[in-house]
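Working notes, beginning with the structure itself.
The first chain written gets the first letter, and so on, giving A, B and C; residue counts start at 1 in each chain.
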Amino acid sequence: MELNNSKIKIKTKNLNVYYGAKQALFDINLDINQKEVTALIGPSGCGKSTFIRCINRMNDVIDICKVEGSIQLDGNEINEKKVDVVTLREKVGMVFQKPNPFPKSIYENIAYGPTIHGVAENKDKMDEIVENSLKKAALWEEVKDRLNEPGTSLSGGQQQRLCIARALSVSPEVILMDEPCSALDPIATAKIEELIDDLKKSYTIVIVTHSMAQAVRVSQKTGFFHLGKIIEVDSTEKIFKNPDKKMTQDYITGRFG
Amino acid sequence: MSGTGHTVKSYEEEMQSLNDNLVMMGSLTESQMADAMSAVIKVDKESVDKIVKSDGKINELRSIIDNQITTVLVKRAPMAVDLRITISTMKISHDLERIGDLAKSVAKKVKPLPVDLPDELTASLRRLGDLVQKQLKDVLDAYLNKSKEKAIEIWRKDEQVDDLTNLAMNEVATYLQKDKKNLEMATHLLFVTKNIERAGDHITNIAESLYYLIEGEYLEGARPKGKPVESE
Amino acid sequence: MTKEERLKKRYRAEKRFQIYGLISVSCALIFVLILVQNIFSKGSSAFSRTMIEVQVNFDSSLLGLDGPVTQKSLKDAEFYDLAVESLLKIYPSKDTKEERQVLRLFSPDYEYEIKDYLIKNPNKIDQIVPVKITASDDIDQLNKGNFPRDLPEDRRRVSNYQLNIYDNLVEEGKIDKKFNNYFFSKGDSRDPELAGIGGSLMGSFFTIIICLALSFPIAIMASIYLEEFAPKNKITDFIEININNLAAVPSIVYGLLGLGILLSVMEFPRSTPLVAGITLSLMTLPRIIIPCRASLKVVPPSIREAALSVGASKFQTVFHHVVPLAMPGTLSGTIIGLAQALGETAPLILIGMVAFVVDIPSTPVDPSASLPVQVYLWSEQAERGFVEKTSATIMMLLGFLIVMNFIAVYLRQKFEKKWN
């Protein structure tokens, strides 16, 4: 088990999540290392999305969802009532399965986050933030001449990169990605994977994916979820070349019933 | 090795076909080896052409297996055990082909040999040949049964192969010292001995590939080697 | 049945359905056209009024002025004698009865019209000037061809003598029709030729402004709270059911509410746009809340999640993202609700907006009527002249409604383009 010996960015302990009476996650203990890509794989409905939504407290918006257990970000507990979720979400950004840019201009899409957090003192500073975010998301060259056009006028792949740029605009430390490429064509997917490769140098990334090949390509550590439990978590190479658990192997080789 | 089959039936069939072809290639190689050894010991010059021709079938199978592996890689992006099976099959088929080639080379060396080959020359050679043939049979059985223990055993026996090789070569060297005019014959015999030893090496390779297929790790440590013969 | 036959049957059914649709639409269009034509034909004549040209002698001695002629002195002067003297000159009359008939050819305002003329043109003092004076309602209707001339005299509103004068004036070219600005500038009047919608127009305007100012913000806030912030429990369900029911309550009930609480208990001034506005805003509230909530509901959750994920608070998410997207639907609903309020008559009658108000209200606390109430009032009058005025007012109302609907469509398109 060759784990990166870097510091742990996110640590969950005995994490249990319930939707009303139904339990969705059972005793999840998972460490996410910093400046690394961790992939979460598993069949549909196994709890991967529920898990990452705990990290930025997005499950709060679902009334019947109850989250018990400890989630620590940089050693600080975030699953507590007194934690300010607005500040948390500045640190932990999210990219969704279907690109969802605001129905505003490209510029305004990126500028929204910094505006509400009061990050930019003047327009020049804001312009800088917008440009940097778009550059980090490898979108600047394609849109620099049309920042005032609506975000929805871009292609699917560009929209997703816009959403990534938007997440980057508030300078997060962690980026959560929930199947970010499932709605995109292979070329757009390749561009996003290239972007993830680049981003992991500066950000901690957790990506939920249905594509085994994608998990192998982009991640350093992989966790296999099944029916709300973690079956195996290890370096990506180990999981895909020689996993310990039979269930893991059955899933990744397509032998699941 | 992995209980339930692939959800996609054609994937399952492809892997099965790969397995079957490799087993067939192994059988062919086995009989080639046996025929070649028998030809040498009996100095049976008529069987040489048949042996040389049969090598073509082994090469053909290698081609088929190569193609199948390429297809599986591009179609299935195999993971874990499937990946190891695919890679190992490729390596094993390569080694089997080499063994087949070596058997052919051995057979070709029968023609120039004298019919009245003295027994003392071939004693150790015969034992070497028997050992290598047994190794080959064992490793093919081990492959069929995916037996890790057998693979390790075969891997360790390479030491014996080396020892017997040295013994056989020693015998020829000793014979040559007594009668220098049989240099040509001695050379051929040495060549044959060396080829059989190399076949043994390839068999050990197969054992290593098999171990990797089963365990996902490589056999640790250096291959046990026999003591080199001291020249006199 | 073979496949081909089934296919043919389907196509025939589709064709039939298309024809039914066309017939329905055509029927509707025909009815609308009939209605419009009816109203227009009756009402268009209200936009002109008959004038009689009279040579007026602005004899200063008849004005009783002492001192120099100034605007003030003119405003204070009595013009009755001057007016009567000039008017009687248009036709010989042999006794006071006939004199009265001559004077009755003109609208009762003749004195003020002559006065206004001189005040506007003070340099015409002591000159004889042709002045156009509004004809009376009977002459106006006669000139517009609404009175049959072949009835016996005692069944006619215009006597033979008056008819003679009229024909004479027509021959002399002294009868003219000009654009009836009185219709827009004047308030209600006993005399139809002097009656206008100025008062009720302002009354409706103030009413709608107050209704909008009260109902729109309250409705929006209520919708946003109920849809986005309120917990989903039995209480909020109960509230939702009641709001839906309120929208269906007959508007006259709101009139009773206005009467009972605003007028009786709180003693607001009767007949004012203030009270009307408040009453109608109560009625309009649920009619804005319902489309507003519906629009809020259809904003996709992906937008909310996107906003939350960059660290927007619930409040910011709702007000920066959800509400703007719900605006097109909300605005449409608002304009339609306001248009309905504009046409309300029953509740306004109950709160007393049936007053006969001559002066045009300048503030919302001045008594006034509203356009639909004015229609109701005029439709009850006997004089022929009010018929055309009633239809003309209906035309104005319809015009208003069409304009409001256009504004709704325009705003909706503008918002949709902006947010898309």
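By our rule, a residue touches a chain if its C-beta (ideal position, glycine included) is under 8 Å from a C-beta of that chain, and two chains touch if they have at least 3 such contacts.
These numbers come from a predicted model, not from an experiment.
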Task: Give the chain pair, either A-C or A-B, that is connected by more C-beta contacts.
output: A-C
- request: Kindly work out which chain lies most centrally, taking the average of its C-alpha atoms as its position.
  value: A
Message: Averaging over Cα atoms per chain, report the distance between chain B and chain C in Å.
response: 106
Field: Geometric centre distance via CA averages, chain B-chain A, whole Å
entry: 52
Statement: Distance in whole angstrom between the CA centres of chain A and chain C is 60
Statement: Expected list for chain B, residues touching two or more other chains, is none
Message: Give the list of chain A residues in touch with chain C in this complex.
response: 56, 58, 61, 63, 86-90, 93-94, 96, 98, 100-104, 112-113, 116-117, 150, 152, 163, 166-167, 169-170
- prompt: Can you list the chain C residues touching chain A in their complex?
  reply: 232, 300, 302-313, 316, 320-321, 325, 419-420
Field: Contact footprint of chain A on chain B as seen in their complex
entry: 2-8, 11, 77-84, 215-217
- line: Within their complex, chain A touches chain B through residues 212-213, 216, 240-243, 246, 248-250, 252-257
